[in-house]
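Letters A, B, C and D mark the chains in the order given here, with residues in each chain numbered from 1 onward.
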Amino acid sequence: MEMNEDESHQQRARPRLDRFKRQWHKFSSNPLSLMGLAVVILLILAAILAKVVAPHPDHSGLFLDFSNANQAPSLRYLAGTDEYGRDILSRMLVGLRYSLGIGLLVLALSVPLGVLLGAIAGHYRHTWVDTAIMRSTDLFMAIPPLILALVVCAMFTPGYFFAALGIATAWWPWYTRLTYSLFTSLSNELYIKYAELGGATHWHIILKETLPNAVSPIFTKMSLDMGMIIIIASSMSFVGLGVQPPKPSLGSMVAEGMKYLPEYWWISVFPAMMVVLIVLGFNLLGDGLRDVFAIEEI
Amino acid sequence: MLPVCVERRKHLMRDTNKKILEVRDLKKQFKTRYGILTAVAGVTFQINEGEIYGIVGESGSGKTTVGSMITGMYKSDGGEILYKGQDINKPAVQRSRESKRAIQLVFQDPGGSLNPRQTIRQILSLPLLLHGRAKKGPALEDKIVQTIKKVGLPASYLDKYPQAIGGGEKQLVCIARALAPEPSFIVLDEPTSALDVSIQAKITNKLLELQKEFKLSYLFITHNLCLVRNLVHRTAIMYLGQLCEMASTEDFFTEPLHPYTKMLLSSIPVISEAEEKYKPITVRSIGEIPNPINRPTGCGFNTRCPFARDICKDREPEMIEVKDGHFVSCHLADT
Amino acid sequence: MVTETRLLEVENLHVFYEVYEGVLKVLNGTNLYVRRGEKVGLIGEAGCGKTTMLKGIARILPMPPAQIGDGRICFKGKDILDDEKEGVRMVRKGVSMIFQDPTASLNPTLTVRTLMSDVLKSEDPHMPKAKRNASMIEALERVAMPSAQRVLDSYSIQLSGGMRQRVCIAMALLKDVDLLLADEPTTSLDVTIEEQILDLLNDLVARSQKSMILVSHALGSVRKMTDRVYVMYAGDIAESGPTKDVFERPLHPYTRGLFEATPKLTGAGVSDGIAGEIPSYLEPPEGCRFSPRCPKGMQVCLEKKPPIFALNNRREVACYLYASNVGSIS
Amino acid sequence: MQNMALFILRRIGYGLLVLLSLSFVVLSFIRLIPGDPVRMSLGPTASEKVVREVRSELYLDRPIPVQYFYWLRGVLRHGDFGKSLFTHRAVSKDIAEFLPRSMELAACSALLILVFGVLLGTLSALFRDTWLDNLLRFFAYLGVVTPPYAIAIFFLLLFAFYWKFFPIGGMPAFPEELRVTGMLTFDALIEGRFPLFFDSLWHLILPAVSLSLGSIAYQARIHRSSMIDNINKDYISFARVVGVRKTTLTLKHLMKPSFIPTLTIFGLQVAALLGNAFLIEVIFRYPGFSRYSLQVIMTKDPYGIVAVTMVFGIVFALVNILLDVGVAWLDPRVRLQAPE
């Protein structure tokens, strides 16, 4: 009996891989989550290969062709053309690249900062550090996120990066609050108390003990937020505060199409549908992740 | 001739066996919105080398707070904690490396005290590295395998996550983790009350085995008197932050003196006729445990004590040694 | 005084839960009966199906995961399983239940007065307010509640554990029921408070000739309170009989192991418990569910589920060891 | 009740502190950015002297703390939020004119969110996993996923252009003599001018619905999961076993605890509502405060931006305080803070 125990111990089972298989099994059992994942992967591919896939790649830049302006959706122009005769489908694909880009950029700007501050405030709770950080998040959350984003973004010359910066300034406090609440509730877990008692370094407790347990809710929030951010970004480009013409952005395309309702309805409707598709994909994916991680918690 | 009470107090201090841990007049209060909550109001006891010392009490008696202060989880509001003569009455962070290694803790809830995101190997490696029992690399791996074998779990468990093993096995991992730094004193805070009867028996026997093998001393905190009867060498009983009675387990159960001990012993539901006869004359349980925020004056138990007299209401009783090694804190004890 | 008529009879009850990993076959043909005025105990370790049995009788099993297979539950002679609406109506009228955790049993957002008056209003909507108040105060005094008026106007978080359980008992006995189901009523209470609650339950049930099923994993409280006891293991009844008799001479190997593993006040040391782990309900072992852990396991135990052998003095045991001496006690 | 009053006072005090520091941050932020708003508003033709004059009149040439001091004194003494370079009149006048119109839209949408959110949530929770539940969850999902402006466009296409059921946008003219609270529908109602009341209500429905549809969907989802959580709780099965009638059980015992998370999320929704309103007002050409704040932000008008952030901050703080009081009333555990 003694011998084969050591043998089984030698060929080191990969615990992390087993856990991933179990999580994937739970994730894939829900068709909706799979659909969400498929849509997201499809969108990412479409964004990367936008120039290749788009029927008329040059339409996304400076291009005028009044002869077939405002064409209804046809075989040649699947989603019809806008007032300058540019193919809406190819502009949507390039616009998709900017929308996904801004979503990732905002997350890249707000998540690391928010999580770091939340972790520090949560770990050193009930000290001046905690009050300083959490009160400053109150400051940023005192007004609706969209207004703060507008104010910040309008400060600078309108552009893609500044739109992302604007949204990020309104978005990082949500992650600080989430991480703070996770860290404070995890702090009265017994294994954290044990690590503190044993004299583990603060760095070890934050990174090795508390953060791994906080990662899953943060990850779920990120994918759910992706949809929200894209909605806000497209709303801002609706009023001209995002990607500047002639570069296409879904929000501005919807805005331009407004003037031609209801005759040339497709100019607004198709970009709006694309936004809906993006947000749907990320939300389904986010719900799937939450179910997987929720089961993990119990 | 010294007055009686001083004579008795002197005897309290002198003790033949080598003391590993001594607690003198330990106090702890918590500030709450409704006033000051006195969790521990002056507790004094010693634990000898290689002894299992049990503290019994109901909820709100402060027994867990005493255990936490000994391991350094809270700062105390007064009194001393001497580990081999050296005062360590300060939070764990400020304690010397040696005392942090020497005193270890096992929690009640096995599920909650193991990090769900770490494998058992990672869990066990932390105490070994923290207390310098092994360096990173192959030496650490052997030490981990050796530690988990101490509690009788197969090495294949090292690659499992805590969720994948049963409640009893998780508690064994917690015990292994407490043994890793090769301590000499372990505080066990209700280690078996979250487990089923049959697994409880396994863990209790394993604790006894380890105690003999590594010559450890335990502070065993629980509300289960039957368990204390079978495991502990000396027993103390706490009520509302104060020690009521302290004696060798044999004396404690055969001749209980304090009314609260009698009430507790007679209230326990038992499963055999022999135990029924073993119980003291019944002291019926009346009233509720008072709110620790506005403690009754004098002896904490006077609101529920059938023998309470006026003296119990105004003066706090002193811990007196009625018989050899049998201390009781009650005005009526020595009549 | 226990009469012969059987108030409640559970025959061959099957209950299974559909969960994520598969189907948990918890109750696999379980039988149980309670006579009028009798106090019956149900002991076993956590997860052995005691609570499922109680909730099945009280018809509050959460139906989406839980499913009642075949089997009959006869209450006052009528099977409450076959006619859904009528069955539930009868149970609501004749059966009441208290839960383990009093804090979770009382709605945190409502005062005790609202909780109790809702029960009385549902019972008799036209009862005048004064009469309702009087019967609420009377119900609380019956459970020896100090300062009943103040308790009525407070929320459950303002009461201590013991007082909350008294409120639950008072609410459970507001309507005149024949059978009281108690699911580990004192597990979350301290020992001294536990004794008061057990004595209180004993008086209330004895005085009003009600029957009771007391479920607990604390063996002592069952021994103290009940006339007859069932020992359950992994969804099956291991053995049953008069409480004094079962506690003094346990027959089934599992019951023996359980009693030996329980630390005694007389301090004779603790046995090494029962080897192995509780089986999973996903693929329960063939034959007797205790066979993998049973020190006296025989070949037949592994193949066929042992029937219930009726010995004399109302003793029943589901173990092949006693197949030969049906009718007498070895 | 006494600690409830204390609770509110503390929250108001804290809210004021946050708003003051916010106003200082925003004011100094505007001063630091490049670009000269005065020159922009007066146009290139204005002479340098006039520009300098206007700038000193608005204290823009003074150091930031001094400018802030004068601004604060103006606000506290006679509610003067400074002059807007965009509308060339006192900002407080703009607020008085536009804010009530947005309040009307926001209040109407908030009402829709609460009523329909809770209604749909309860329905889909009670009829769990039936066709009704799945249908409601599908629409809830659609609502959450579609941005408000997309909903507005679809509604406009469907109801305004195609079926011509609702007006395309805008609002009926606001007769000056009717101005009481500044909310057209409300004033028309209390003045008894029913034709005007119905006309303005008719104009209000489409924007309000498209603004709140997404939030209704999310609110329904939250309420449904909170109801389902509570259905499985012990106190519901205990109440049922002890004999509480099914209707009382559902309406009182189940609804009250389930309302606690719903109310908290409702607070966040109303806050987000204030933010999202500006697009709806642009699409429906609705003369509201959000449209004004958009223009003010775009033209970098300093006092306009500060006033806008202040107004949104105050409304935001009021909404949060109201909801905290609501949650405290609902949940005695929060109110009584039992000693541990």
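FYI, a residue touches a chain if its C-beta (ideal position, glycine included) is under 8 Å from a C-beta of that chain, and two chains touch if they have at least 3 such contacts.
Note that the structure is a prediction, hence the values are computed from the model and not measured.
For chain B, the chain with the farthest CA centroid is D.
In terms of C-beta pairs in contact, A-D outnumbers the other of A-D and C-D. Centre-to-centre separation of chain B and chain D, using mean CA positions: 56 Å. With each centre defined as the average position of its C-alpha atoms, the distance from chain C to chain D rounds to 53 Å. Averaging Cα coordinates per chain places chain A and chain D 25 Å apart.
Among all residues of chain C, none touch two or more other chains. Chain D contributes residues 128-129, 232-245, 248, 252-253, 256-257, 260, 330-333, 336, 338 to its touches with chain C in the complex. If you check the complex, the residues on chain A that touch chain B are 5-6, 8-9, 12-13, 15, 19, 189-191, 193-200, 208-209, 212-213, 296. Contact residues of chain C toward chain B in the complex are 45-46, 160-163, 190-196, 198, 217-221, 223-224, 247-248, 257-259, 261-274, 277-278.
Chain C contributes residues 55, 58, 60, 62, 64, 92, 95-99, 101, 104-110, 114-115, 118-119, 121-123, 155, 157-158, 168, 171-172, 174-175 to its touches with chain D in the complex.
If you check the complex, the residues on chain D that touch chain A are 18-19, 21-22, 25-26, 29-30, 33, 141, 144-150, 153-154, 156-157, 161-162, 271-272, 274-276, 278-279, 282-283, 293-294, 297-298, 300, 305, 308-309, 312-313, 316-317.
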